[in-house]
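Scrolling down, you'll hit the structures one after another.
Paired with chain B in one complex and with chain C in the other, chain A is shared by the two complexes that follow.
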Partner chain A sequence: MSDMSKLEKWKGALNKCIRCGYCYEHCPIYKSTRWEIDSPRGKLILLYGLLSGEIEPSEYVAGKLMECFHCGRCQKACSSGVPIQDVYQDARELLIEAGFEVPGTTSQTDADVCALCLNCVRMCKHEARSFVDGRIVTDLLKCQSCGSCLDVCPKQGVTIGRGFGTNPDELEREVAAFFADGRNPEAKAIVFSCGWSNYPGMQTANYEPDAATAEYKVLVTVCSGRIRSETILSTLDAGAWGVLVVSCPEEDCEHGGSPRVKARVEALLKPLAAIGVDPGRVQVAEVAQGNPKKFLEVTQAFMKDVRALGPLLARSEA
Partner chain B sequence: MIVGDWKPIETILDYLGERERILIAGCNGCVTVCNAGGQKEVDMLARILDLAGKKRGRPFHITKITVERQCDPEFLPELLALAAEHDAVLSMACGAGVQLVAEHAPGREVFPAIDTNFIGAVERKGEWGERCQACGDCKLFVTGGICPVTRCSKSLMNGPCGGSRDGKCEVDPEIPCAWNLIVDRLEALGRLDQYDIIQPPADWSKSRDGGPRKLIRKDLQ
Partner chain C sequence: MSDINFEKLKAIVGEAGVLSDPADLYVYGSDSSVHEGTPHAIVRPQNTGQVQQLLRYADEERIPVIPRGSGSGMCGQAVPVRGGIILDMKAMNRILEINPQDGYCRVEPGVVDDDLNRALKPHGVFYPPTPASSVVATIGGEIANNASGTRSVKYGAARDAILAMKVVLAGGELVSLGATTRVAASGYPLERLMVGSEGTLGVIVEATLRFVPIPKLRCLGIAMFNVLGEAGDAISEIMGSGCQPSMLELVDKVAITAANKAENLGLPEVEAILLFEADGLAKETIDPEIEKFRTICERHNGFGLEFSYDEKERTRIFAARSKLFPSLSKYDERLASTSLADDMAVPFSKMAETANKIHEIAERNGLVMTAYGHCGAGCMHTKILMDTEKGTQWEAAQRAVKEIYEYVLSVGGTTSAEHGIGLSKAGAFKREKAAVLDLMRGIKKVFDPNNIMNPGKLMDGPDDWVGETHLRYQKS
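Moving on, here comes the complex of A and B:
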């Protein structure tokens, strides 16, 4: 059993948290569940309990600590300057040492399905995946839960257990609901948005006029590299007139997701053009972090293109 | 592995013509590993054909299946049973897989969805290079593990031609001269003596020049 008193060095940092709750609105996990325990504040209190001995290390506690998209927004928003990410990382290490290896939001490979193509190993910018004893394993401390490995797997053998609305099946369900018959008669497009660059900005700026939200839906995908080609195609097939992927500028993306999604869309545009789908219907736009004005601009420009192009499929066919 | 990539969609649509009930068949072998014809590509091709059919106002009825290997008859029964219910099979396997499915599906058209390109290896992520032409008479032992048949544009067996420039091939400056690679490697291995061994004319009867080849292993029969 690992000694949780090793968290002692963070006691001062944990004491600094004044429970203001500024971290709440910036955390994609909390935004998804709305539970205190999923907020950075809640997790810091949990760690305080571990340090004081009032809470025993457990799978539950490890799971909460492993549920994180590593965006670091909580830390930036913290009014007391608590180095939340560093505290989390040390706590994770101790919990793993104690035998609580809970995947949380990290990506895992199903060994029964895996073709050992090694694509995920090669492409991971964080070197979190490796081939060990005949199978692909994820280093729980290195994986940043960006999900860039989801699309490169040829067999859908890479999965993320806790997606908080960002997993392919969750996104595809949202898309299907948005275009479901009669629900949103004005529905035209889906905007998949990188959570790192835009999500906080989107929330703090009331950027979506009501008329626009009826026409398009913004789905936050954590990193844009998480968007699978199949998700883009199924969105068009569900009835979207167009799909916009908003990513960080290439040089800003810590996960290599931004150039990857661009290449993915470029590869899709060729077969789509061959079946008569205008390239304007699937676009990628770069928006730097904390620039909701730019986000609105690129979205409006895209919607202008999409409205001009009209429906891709007759409503009854989608 | 065998490396392939997608045929243009317009070519595939030409093959399918008026046929409506299409079975898209993937393979879990080489084409999965090189991301050309596994389950993921089957899903993507199905989506694209679905969109194409809806757009033209005459939808396809698409069924998907991915089998362990299309080049082994034992893995085909489920695929063949489905094939019988469809107008055509669109196989995403290599040429060997497409042919074996066709052999076992009399009366059913089987079309290739990918082009089989070469036997190759991963050079870096997302890049494959040709390494073997299956000539049937491997000479790698004498050339430092670098194949002159495959990697020399002229398949020369006794040193480079006059088109070797600064380690590159005259056919394309992106192609390394195979003989330059061979000499560098033999030198590094301290085996330049091998370079002096004159290779007799190759026995191409073991390659394609002897017609389609066959391998029989009685110990496995």
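Moving on, here comes the complex of A and C:
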């Protein structure tokens, strides 16, 4: 059993947290569940409990600490300057030492499915995956939950257990709901937005259109590289006039997703053009972190294109 | 109270709506105050019917129920001091109606303030109480605590924005209070009684709120003072002159130093800064307000006056205030910012004297305290910056809080301007309201005969907030 008193070095930082909750709106996991324990503040309180001995280490506690997309927005938003990511990381290490190896949002490989192609090992920017004793192993402390390994796996043998709304199937369900008959009569497009790039700016700006007249919906993906061709096609099939993927500038992308999604969209445009789909309907735009103005500009420019192109499918076909 | 029947709770709200892991109970035991407690269960209702069923069950079994929004209260309002069920209201977060024609909107209690204003914006209107925590605070919590903010000097607090509401009472009965019309003359205004009741009378499940037009223009001004008392004299004269600021804020030297230190703002380290905003449809109506502010400030030796209608410039000028909250936490590596004696209201003429008194009390007790606030509303805030691990600092903090509220009451002030009472301020509140405590307890008894609604708060809160509550900090 690991000694949680090793968190003592963070006691001052945990005392500094004034528990204002200003981190709430910046955490995609909290925004998905709205449970206090899923918020950065809740997790800091939890760590205080571990340190003080009021909370016992458990699988449940470890799971909560391991559920994180490592975007760092909570730390940037923290009014008390608590180094949240460093505190979490030390706590995770202690919990793993204590035997609570819970995957949380880290990616895991199904050994029965894995083709041992090692694509995921080669492309992981965080050196979180390795080939050990004939199987792929994830380093729980290094994995950033970006999902790039899922993207390059030819066998769909890699999964992230809980996506908190960001897994492709969850995004596709949101798309279907947005275009469901009569719900949003003005619905025209989907904007898939990288969780690391413009999202922080978007959170503090009033750019979401009013639901009653919403022409587009912004859906957050963990990394733009996780937007699959199938997701784009199913979005058009659901009734969208167009799809915009907003990613980090290539030079800023820490996960390698930005160049991948660009290449994917480029490859998709040719067959789409062959069946008469205008290339303007599927676009990729780069927006750097915390630049809500640029986000609004690219979204508006895209929507202008989409309106000019008109509907792709008649409503009855959608 | 009886043991919690978790199967019963799950039957009402569904399995996914009930939490009981010790980790969840621990986390939900805290809010933004210095206190903590431990609930027995966390329950998240989805609709009014579920709230009714939950309260019926809790009342029969005498189980405390603590309604909770985002838990951003600073005085322990949502801390479950007697255990029981935390009613997490965040799933009831629908904006039910925006009716520009009749000038109201209807919302569920879990709607976050900023989200409501985001939805109102296309209609050219806004919900004005808006506290600094609007990014996280829910409308239900704001009503229960009668929240207000920087613009309340002109537009009022939550109480002024309430037209009607639906409330589930302790036994599960649903009642409609108030009216959606702008005037409603007769009978007891029970909807207003709910405002500031801190969850002790019932659960707000729907609120009908009025809103106001977003002003076309805003002009922000700033003035510096080398003598705090002169800034105070300016405040009294501004408010007595018929001036109608949409914001009038005081920032003291400790706060300025903190903002400079933490955010490198380069502000002149004067004794006080006043920020003044006027808004409206046209410059012709705003400029005279600004001129009054300038003349009065100059008469009281204010200097460094600046004014701007430009949004970017206003943001720059307002940095002294907007950066204050985070700056206090970063003031000193060893000191944590605690919400103690965090909120009070005094007559305009006593603002400067109150700020001076706070500094004097802080110094005498070996603490660091700042004084700032919405002085146009008579509202003063402070924070105690202290080493939370030292028992002696808590003793000093306790003395300081007592002295501050004794002073506030002696000059005709009141214990809470906008943060509420909860646990931290219950002692001072009880001293202030001593003559009407029985009346309040009588009202509580009518609404909640079995005392299940957020027990142990307001008039039933502790006299000794250190000794009688569990503090979130470990101290030696």
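Keep this in mind: the second predicted complex is superposed on the first by the 313 of 318 C-alpha atoms of A that agree within 3 Å, B and C clash if a C-alpha of one lies under 4 Å from a C-alpha of the other, contacts with A are read in each partner's own complex, and residues count from 1 in each chain.
One rule holds for everything that comes next: a contact is a pair of C-beta atoms (placed from the backbone, for glycine too) under 8 Å apart; a residue touches a chain by one contact, two chains touch by 3 or more.
Note that the coordinates shown come from a computational prediction; the quantities given were computed from them, not determined experimentally.
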{"item": "First, second, both or neither for A:Leu46, with chain B first and chain C second", "value": "second"}
{"item": "Partner chain in contact with A:Asp133 - chain B first, chain C second, else both or neither", "value": "neither"}
{"item": "First, second, both or neither for A:Arg122, with chain B first and chain C second", "value": "first"}
{"item": "First (chain B), second (chain C), both or neither touched by A:Asp112", "value": "neither"}
{"item": "Partner chain(s) touched by A:Glu251 [first = chain B, second = chain C, both, neither]", "value": "neither"}
{"item": "Chain C residues within the chain A interface of the complex", "value": "19, 21-24, 26-28, 30-33, 42, 70-72, 88, 90-91, 112, 114, 117-119, 121-122, 133, 135-136, 262, 325-326, 329-330, 333-334, 336-339, 388-389, 472-474"}
{"item": "Interfacial residue positions of chain A with respect to chain B in the complex", "value": "115-119, 122-123, 152-156, 229-230, 233-234, 236-237, 270-272, 274-277, 312-314, 317-318"}
{"item": "Residues on chain A engaged by chain C in the complex (per definition of touch)", "value": "11-12, 15-16, 18-22, 24-25, 34-37, 42, 45-46, 48-49, 52, 54-56, 58, 60-61, 64, 79-81, 204, 206, 208, 210-211, 213"}
{"item": "Touching residues on chain B, where the partner in the complex is chain A", "value": "6, 8-10, 13, 28, 32-35, 38-41, 43-44, 47-48, 50-52, 54-55, 59, 122, 125"}
